[in-house]
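Structures given as structure tokens follow.
Two complexes come next, and they have one chain in common, chain A, joined by chain B in the first and chain C in the second.
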Partner chain A sequence: MTTFTAEAYQNEYLPAGGGEVNAVVTVTGSAAVPAPTSTQAAEIIIVDVSGSMGSPRAKLTAATRATAVAIDCIRDGVMFGVIAGNDTARAVYPQEGRLVAASPQTREDAKQAVAELKTTGGTAIGRWLALADELFAATPEAIRHAILLTDGRDEHETPAELEAVLTDCEGSFQCDCRGVGTDWEVQELRRIATTLLGTVDIVAEPAGLEADFQAMIERAMGKATGDVSLRLWTPQGATVAFLKQVAPTIEDLTSRANPVDALTADYPTGAWGDESRDYHLCVHVQPRAVGEEMLAGRVGLMVAGVAVSQALIRALWTDDEQLSTRINREVAHYTGQAELADAIQEGLEARKQGDEHTATFKLGRAVQLAAAAGNSDTMKLLAGVVDVQDQHTGTVRLKPRVQDADEMALDTRSTKTVRVKKPGS
Partner chain B sequence: MSTTCPHGHLSKTTDYCDQCGAPLKDRSAAPPASINPPTPASTPAYPAEVEVSPDTKPSVPAEPCPDCQTPRVGSDKFCEGCGYNFATGVSAASGAPARSMSGTAESWEALVEADREYFERVTTEEIDFPSHCPPRRFVLDQPEIGVGRHSQARGTRPQIDLSGAPEDPAISRLHAILLRQDDGSYAVIDPGSSNGTTLNDDPSPIAPNTPVTLADGDRIHLGAWTTITIRHG
Partner chain C sequence: MDMSSSETVLACGTCHAALLPGDRYCELCGTRIGTAPDEETRAGGGCTACGAPVEAIDGDRYCSRCGVRQRSPQDRQEIDLVVAAGVSDRGRLRRRNEDALHLQTVGESGVAVIVCDGISSSLSADLAARRAADAAGAVLAEALHGEQAVFAEATRNAVGAAQQAVLEVPWTSRSDRDFPSCTLVSAVCRDGELAIGWVGDSRAYWIAGDDSRKLTVDHSWAQEQVAAGLLSVQEAGADKRAHSITRWLGQDAPDDEPQIVTLRPTEPGRLVLCSDGLWNYTPDAAGIAAQLDALPPGTAAITAAHSLADAALAAGGHDNITVAVLNVTPPGRDDQ
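What follows is the complex of A and B.
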């Protein structure tokens, strides 16, 4: 089991007539046992075997080797399976349309089946996910996680078909998505990963897959508590302007609210292990008189329908401008990180459309924000797309030639954030 | 155990009122409050739909606010939910009493609602009608009023800001503009929104960048479920 703590960071002072309350809530889960063998888990690896995975041949070789490494990391007793996907989906191991418990024998058999995979056909990711959903249905108690690897666009089904499958799978299992090569669509995989509460990343070189698969499986195996929700209560007359996860990555949760009663809603956050995540909440409340106080929000964690920890978001009206104009450090930091992600995505989009002026402006702003926040990983990725002349003023020049892989890496990783530097560290 | 807050609500939580958020006296001594709902029905991990009933509040039968249906507390002058003034009948959604900037007695306002009839007429995709969406009222007191969603990246916030949960997913950042005419009435302009704007029962969208004059009671439809009714008071 995981124990949770929630802490709120905010400037609770509002000016007379002000109603916008911002807070950053840090939620930390600590697993009592690092590898919780008692927790039931289910794992499915979905490998793209469409025709394009065979050219160059190294792609499929790397994918099968990475899958084998991942299979080796699945601990004994975890229910697992492997799906091969092209324009249809096929259970490669086991073939009987169910999952099996991992053991030295079943892991060997699975690796054997994976080694014999052949490439052919097209890409219909929705059908792969639908099969995974079907297989997971037999293990409703387990923490359910899938890895999806593809190298191409979802071309052999309509976007509506994929959308319908995503709606069915949402909340049923989590899925981390990986794109290999540069012929896949960042938006498409991001949509799948976001809906299924997973991560998305590019593995530009097939050789990098093994380490990445290993890391993903280890992270999945480290999850001790499934189906955790944030529960947010706000007072009468208040509206939730947004609720975003802001670390380790930016995910807007606002539209995922499941109302509990007129004032309370739950936001699913998936499975948790030994980890910490930050959330930025913005609530608009009806202003009260100077000197009055109001509870503007109560943020709690719901584990299996039980509230385990909570943080209070307060509002206090004051006519002291020194108090009300202060911006909380955590809130300022993550507002900047969210702007950074937007600037990168809008800058790359403008570049694609040939609007160099907007692209230069947006990517320059991104450089400036990344530098200010000490986001050195993003800074390195930006340097693949622009020549930085002055990071403090955001003066940049677009690179005339950009590697597709550099651009896609910047796009997929634009939502990764750095945390607030604690004073003294 | 429940406590009565200074505004007269019965609260199950003892630190702050679980209705209006007002601080309660004994909160230093109070045990940590639970955020479970008053009636803890077996909560599935991802509840599909929860009936939102306005009468779960334990207060005595009270006159509901005409704006947001929140029961009036005692003889309070203002609605606890939205700030509606029961004494004068003036909505406070804009934070200011309704009055026209031009100084004349007449005023125009826009009432924003989630409109099921319109939703069912136009929305075919996988969008759910929001189960809880209080109406919002905006006083039209500027010569030019933007309608849309605010954008943090662009730093823009239209005066009629339709952001916030439940957010209509099919509304553009700047979806429409209300433009004051010489006679004080308003016209609507669609500056080329992604999904268009329609008027009243006419299913075809209005031409982009062309002002259409609005009369009292005209309904502007936009997005997946949003209807803005223009009123002249």
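What follows is the complex of A and C.
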């Protein structure tokens, strides 16, 4: 089991007439036992076996090898299975339409089955996910996690078909998505990963798959507590402008609210292990008189329907401008990080549309923000698409020739944030 | 005679004594009646902002419907006993009022005044201050009932009782908080004879024109630096340790012996007791004297206390503010 703490960072002072309250809430989960062997878990690996995976041949080889490494990381007793997907979905292991408990024997059998995979046909990701959802249904108590690997676009079903499946799967299991090569759609995989509370990333070189699969499985196996929700209470007359996860990645949760009562809503956050995540909350409240104080929000954690920890967001009206104009550093930091992610995505989109002026402006702003926040990983990725002339003023020139992989890596990783440096550390 | 329902319910919220319509202060305990309109509404129990029922008010006094924080009676305490009066205010920034004020008259001319300042880094600081002030007040009142009271000794006993009261404040351990603790400054007065006792940095001033002076010497880091000749008053006051106190009441207190001064003024004047939330803005006796001299002659003690507290609020009110004013008239100088 995981223990949770929630802590709020904010400037609680508002000027007379002000009503916008911003706060960053840090939620930290600490697993009491590092390897939660007692926690029931279920894992499904979904491998794309469409025709394109066979050219070059190295793609399928890398995918099967990575799947084998992932299978080896599944600890004993975890219910698992492997699905092969093209324009249909097929349970590769076990073949009987159920999951099996991991053991030295079943892991060996699974790797054997994966080694014999052949490529043919198209891509219909919705059908793969639907089969996974069906298999997971037998383990409702477990923390359910899937890995989805694909190299192409979802071409052999309609977007509406995929949407319908996503709606069914939402809340049923979490799914990390990986695109191999550069023929897949960042927007498409991001949509799937975001809905299923997972991550999305590019594995440009098939050789990089093994380490990535291993890391994903280890992270999934480290989750000790499933189905954790943020419960947000806001006062009567207030509106939630947004609630975003801002670290380790930016995910806008605003539209995921499940109302509990008129003033309270739950936002699903998936499974938790030993980790810490930051959330940026922005609430608009009805202004009160100077000197008055209001509780603008209460952020709690719901684990299996039980409230475990909460942080209070306050609003205090003052006529002291020194107090009300101060911007809390956590809030400022993540506001900048969110702008950074937007600037990258908008800049890349403009570049694709041939709007060089907007692309240069947006990506220049991104360079400036990444430099200011000390986000060196994003800086490196930006350097793949622009030549940086002055990072402080955001002066850049678009590169005439850009590797697709560099552009897709920047796009998929644009939502990765760096955390606020704590003073003295 | 008709008895309207509004008359039958009039009683003091503090001591429950019967009140007459139009009373602004309770005759018995001096509590101000109907301080703010929303406090009267609060007597009904519901939220003063949205009218939610009393069950909607949570432990931190937030309304669980509209979020508005309910004022606490401790946010602003006013006591007027004519000869002496005081104000204790939460200030503009602190979440709670952790200062406490105790004022009491005994017999014809006996007065006991205590100001305590709960130490904000300690647990239950508000409760420590409240109990210390009331415990010390009870001992001083008892002494004033006697004919031959030795005020210095009564003050020593009062501070001992206050220390005992702070020790009995319930607390649960928290690594980031100290034991319940507070400062104390007390005054006991009868027939123009005064004894002042203190522990910590709450202060007493004698205000009488050119003879105005500070009576207490802070038990604080800043004062020790100045006394040792290491820093000037300005330098010490600017240091971030300036407000670190070196003596207090509580479980980990170095000792509970108060420092005591006695005086027998020959001219009429005012005794002012206050917490650092007040003197931070006017540290010198001359500054306080100037504020009081600006008031019309014969100004009531409660008006003088209001004036001093309001000046500290206007200057920022960064801490809890408590001030008590006691009019002292030497025997035979009674001009009334």
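Criterion: the second predicted complex is superposed on the first by the 425 of 425 C-alpha atoms of A that agree within 3 Å, B and C clash if a C-alpha of one lies under 4 Å from a C-alpha of the other, contacts with A are read in each partner's own complex, and residues count from 1 in each chain.
FYI, contacts are C-beta pairs under 8 Å (C-beta built on N, C-alpha and C of every residue); 3 or more make two chains touch, one makes a residue touch a chain.
All values reported here derive from a predicted model rather than from experimental measurement.
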Combined model on chain A: chain C and chain B, fit or clash: clash
Touched partner set for A:A307, first chain B, second chain C, both or neither: first
Chain B versus chain C as contact partner of A:T358, first or second or both or neither: neither
Touched partner set for A:L295, first chain B, second chain C, both or neither: both
Chain B versus chain C as contact partner of A:Q40, first or second or both or neither: neither
Chain B versus chain C as contact partner of A:T5, first or second or both or neither: neither
Which superposed partner A:T61 touches (first chain B, second chain C, both, neither): neither
Touched partner set for A:T318, first chain B, second chain C, both or neither: second
Which of chain B and chain C A:E346 touches, first, second, both or neither: first
Chain C versus chain B, contacts on chain A by residue: B
Shared chain A surface residues [contacts with chain B and with chain C]: 233-238, 263, 285, 293-296, 312, 315
Footprint of chain C on chain A - complex, ascending: 233-238, 263, 285, 288, 291-296, 312, 315, 318, 320
Contact set on chain A toward chain B in their complex: 17, 19, 160, 163-164, 167, 170-171, 227, 229, 231, 233-242, 254-255, 257-266, 268, 284-287, 293-296, 298, 300, 302, 304-307, 310, 312, 315, 335, 338-339, 342-343, 346
Chain A partner contacts - residues on chain C that touch it in the complex: 49-50, 60, 62-69, 92, 95, 316
Sites on chain B touched by chain A in the complex: 15-23, 32-38, 40, 42-48, 50, 52-54, 56, 68, 70, 79-83, 95, 125-126, 131-132, 152-153, 163-167, 169
